[in-house]
Amino acid sequence: MKNIAILCSGGDVSGMNAALKRFVDYAFDQGMRPFFVENGYEGLIDNKISAAAYSDVAGIISIGGTKIRTSRSERFKESSYRQIALENLREHGITGLVVLGGDGSFKGMQKLSEECNDIGFIGIPSTIDNDIAGTQYCLGVDTALNAIRVAIDSIRDTASSFGRAFVIEVMGRECGYLALVSALTSGAEMCLIPEVPYNLEVYKEEFLEEKEQGRSYFIAIVSEALKNTEQIVQWFEEEIAIESRMTVLGHIQRGGIPTVHDRLMAFHFVTTAIDALREGIKSTVVCYDDGMFLCKDIKDVAFKKYMIDEDLLALGKEFESPQHKQV
Amino acid sequence: MKNIAILCSGGDVSGMNAALKRFVDYAFDQGMRPFFVENGYEGLIDNKISAAAYSDVAGIISIGGTKIRTSRSERFKESSYRQIALENLREHGITGLVVLGGDGSFKGMQKLSEECNDIGFIGIPSTIDNDIAGTQYCLGVDTALNAIRVAIDSIRDTASSFGRAFVIEVMGRECGYLALVSALTSGAEMCLIPEVPYNLEVYKEEFLEEKEQGRSYFIAIVSEALKNTEQIVQWFEEEIAIESRMTVLGHIQRGGIPTVHDRLMAFHFVTTAIDALREGIKSTVVCYDDGMFLCKDIKDVAFKKYMIDEDLLALGKEFESPQHKQV
Amino acid sequence: MKNIAILCSGGDVSGMNAALKRFVDYAFDQGMRPFFVENGYEGLIDNKISAAAYSDVAGIISIGGTKIRTSRSERFKESSYRQIALENLREHGITGLVVLGGDGSFKGMQKLSEECNDIGFIGIPSTIDNDIAGTQYCLGVDTALNAIRVAIDSIRDTASSFGRAFVIEVMGRECGYLALVSALTSGAEMCLIPEVPYNLEVYKEEFLEEKEQGRSYFIAIVSEALKNTEQIVQWFEEEIAIESRMTVLGHIQRGGIPTVHDRLMAFHFVTTAIDALREGIKSTVVCYDDGMFLCKDIKDVAFKKYMIDEDLLALGKEFESPQHKQV
Amino acid sequence: MKNIAILCSGGDVSGMNAALKRFVDYAFDQGMRPFFVENGYEGLIDNKISAAAYSDVAGIISIGGTKIRTSRSERFKESSYRQIALENLREHGITGLVVLGGDGSFKGMQKLSEECNDIGFIGIPSTIDNDIAGTQYCLGVDTALNAIRVAIDSIRDTASSFGRAFVIEVMGRECGYLALVSALTSGAEMCLIPEVPYNLEVYKEEFLEEKEQGRSYFIAIVSEALKNTEQIVQWFEEEIAIESRMTVLGHIQRGGIPTVHDRLMAFHFVTTAIDALREGIKSTVVCYDDGMFLCKDIKDVAFKKYMIDEDLLALGKEFESPQHKQV
């Protein structure tokens, strides 16, 4: 009987609870004993480790966030605290740990892995930013995208009723993925992200012509990475001469009832992770790549820059030089 | 055959489209001819008045915002433009006008009414702020409250996962209605509105004790009227020593698919309004009062201060001196 | 210190959990001790009575159904079992019991009340059917209506895409309230309920003419009370010569995340109930009437027939003799 | 300048409108002229073909179903009508046709392709059943799955409140995909589909033991393919001795606001289809395979049996011999 544990680290995402449920169910199914570490690496240091039962995961699959809580840990950057963390794991006889988090969390995991030989570590990419190299999908992205969609659909009602420009700032840290997909799938008139060059002069010419022809409102999606949302609001006021409003979507993007896709991805990610632990893999990250779930070396994941998929960038070309759409 | 028209003024709300549908259906049913005025009082001045048909309102009942657009009009404050507006109405033989809007819009309507004898004017309270004296309900409030609910439910997932205080700023201009109902029905730990006195020292004592006993997160709902949202974020950081985040819900509160309640209220409001026009009433506002729809003099509506219902304020007492809730 | 208890009886509705939360919070606030009875009158007989704490109601406000479960009880119809139930209440020192349920549950409550002098009983109307005399609102109705709305909005997409008639059967036992409001607020073409006379010949003439003019689909809402849903499907096939489908909405109408309205109504209902218990009322039902919450004698509630509000029936007149709507 | 057309055939799915929008936008972007064929193959025969403009697709991206309507056509099975269809296409100078539909629609397309040399035909798999060989994804599946999820989450509230078994019949024709994914991601206790063998005796033993230990409700998901839903309801009543209810989800599975995933997949599918038309491909179906969009010969698509993905079937193993979950 093998004892294995799971923890959540960094920002929470919807789908983490589905991962916890699958972790408990599949561990038991494989003859292992599942443990929960509460509160991320902080809880690992503070020995908040306990055996998990079926009853702990009953009904949580449809709830956002994570039942075992998450954290960012400063202490974990110090070797002495990591030693304590390892001791705590050993105390519970744990031989494998699954970490749900982003690249920062995986770097911490990697250090832990380098400092011990008796425990395996598997990362599962979990961030709404979808900015982790090596995997085409991170847990939580689909729920975030649909939360953003509902918000934009709603704001469009107001924009079209009032004749305004709405500049909507979307999360994603340095990555424009969320903003780009949101702009495409909501039919936004403008999308500004780091990965696609844009020319405000081209937009201006186009928008003024559309306004002349009767267009009364604009929806602009701007990635937080560009740090120019307020400036774009001003640009609409001054250059396009239309009343403008800014909306920072903020934390409503992060949570919410997990979509089917995030629940199912959580199942696949965790299944692959437990299989890898059973096979004795020492340190790896489960990645989703062209329809498959693969274990990749952490060096190819946390230490590389994420690039948006070519097919998607091709769709985004329309925002590079917006085509004229008579309205 | 009587010609009657409808327009939307001020901020748009969900339910306006249901009102337009009922307006067309019921006008025809009563042997009247319905007209739409596009773009509020601006459109009245610019003569954007046209006959409405069944096909104009097909399928719009489930869409937020307003199909005939709304506006705020500076020109309408000048008598000369109001004269043009009246001429435009007369040109189309219109003898009754329904105005969906807030108290500002009703004041404009009142002026128009004073300047003519041949046209009747009926206001329908429409604002998510629910801040109009004389009526217990304004069109759009229920949809706004449910949009806020979804946002808070979602943010709570994140707050509870991460151990943070979330300070959520809610709309309502000078009125705390939206914030109070949202706080009550989402089980928020704190609610600050102009109508309920509060004492941060009491909150501090309570929150520190709850934190001591294990509470890891707080949800605070703050009315935009108080203009102290950022200060409250800082208060949590400094006085309660918990990481805090601010979320300004912004324009997602305004739109969205109208709820059943707003669709049904739109039907009742418009039916009462058309009945009043048919009976020759000259200037009035349809109010919802203890289950009934009554026509009230505009002086009792637009020129008085709205007071939150006593029963509701009584529920809000828990935020005045928050009771201790061991967690 | 007074001990008071709450139970849920009959069909569950959304908003019951909000009622439980308010029950616990307000009881403590008033210096009373709250108790839960699990599993309705069955649990009362089986002595499933236990003290409730704040932690029992944390986070349940946004969850459908009822945490303390509900039941229908055959045993409770026998006096001997009711004696046991009373003994169980006395054993816990309970002097007041709040019952969430429909008219059947109130009749049971009334019998209990007649058989004892030391305990007060208060009913809170809770049924999605909205068919209880004396109250204009029953807990759960608003959530049910919005669940139906989402279903109809979705089916309309399919109906309009395919050129079909959809006959949608809506709950409500003997009462057409749910069906009528749903038909009005979804813009349905047909609505059949017990309270409004209808003439299929008039519908036929109208629908054939609309079809001639280009209408390609119809949405019909039929109350389950009429027991003729399949017959109406056939009527569309044979008389209107259009492919038709039946959808029985079923149990999706009952549950779901409670709306703001149901949460707030739960708060008001329970507050009034506890106030009445504190004042020593012996047996009553809290009713919502023209904006107020009143305690009514059970004889005026459970033993009378519910009548749909006149204003609403007036709106429903359009289904009595459907006006011609050129499409 | 090349003229290309698009039509929808068979059952409608959410995402078709997003496909129409992308079709118009990308056609213009590529210097082609886009045409709409209304009402599927029926409209092709009846020459309901017209040029499409940007304004035709404004705002439709967030609406379920299809704006250009769909149909099943008996006439199209006859060669003489297909000849008329081809003539109508030629009359508008159309050299490429995109068909959104299922395998039946592709077989019709194939016949058309065999009877002419001057027009290219591209299929896009569109069915909520996800039962088309050669592609891992069909347009509409994600929206359907999320509609089912909302329904099951809601029914679970009622099931857990009342202590009942709910047997929920899910669409999918001969394919258990929808039922399997729904059961997994909703944490259902039972799932019966054609692709996974099951043993009611094993379920019985397990369920009786769980009931003994306190479990009060069960959710069973049954594929419509098995045609035994009512029998399973009876099985719960008789073998497990628990009150049971059947819910046939019906047409609410088909429609609804399209998810982000379906909107984005529509964009990719259509982009690939137009690229293929531009390159002169004569007859093909766009398939989604391991993260890529490929054109496949119709023989490998419409004339083969769809097999559920191995990874997913592996997850479904838990329903083959349900593991014991103490509750």
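To keep things simple, chains are lettered A, B, C and D as they appear, and every chain counts its residues starting from 1.
Keep this in mind: contacts are C-beta pairs under 8 Å (C-beta built on N, C-alpha and C of every residue); 3 or more make two chains touch, one makes a residue touch a chain.
This one's a predicted model, so the numbers in the text were calculated from it and none came from an experiment.
If you apply the touch rule, which chains end up adjacent to both chain C and chain D?
Per touch definition, common to chain C and chain D: zero chains.
Note the shortest touch-path length, in steps, from chain B to chain D.
The least step count works out to 2.
Comparing centres built from CA atoms, which chain ends up most distant from chain B?
Checked the centroid distances; the maximum from chain B is D.
Please compute the C-alpha centroid of chain A, do the same for chain B, then give the distance between them in whole Å.
The separation of the two C-alpha centroids amounts to 35 Å.
Measure off the straight-line distance from the CA centroid of chain A to the CA centroid of chain C, and report it in whole Å.
40
Could you tell me the distance, in whole angstrom, between the mean C-alpha positions of chain A and chain D?
27
Residue numbers in chain C touching 2 or more other chains?
Correct list: 153, 156, 160.
Which of line, ring, star, complete or other matches the graph of chains that touch?
Looks like a ring, each chain touching just two neighbours.
How about chain A: which of its residues touch chain B in the complex?
Contacts found on chain A: 8, 11-12, 14, 16, 39, 63-66, 69-71, 147, 150-151, 153-158, 160-163, 166, 216, 245, 247-252, 254-256.
Within their complex, state which residues of chain C touch chain B.
Chain C residues touching chain B: 18, 21, 25, 28-29, 53-55, 58-59, 61-62, 136, 142, 145-146, 148-149, 153, 156, 160, 181-182, 184-187, 257, 259-261, 263-264, 267-268, 271, 289-293, 311, 314-315, 318, 323, 325-327.
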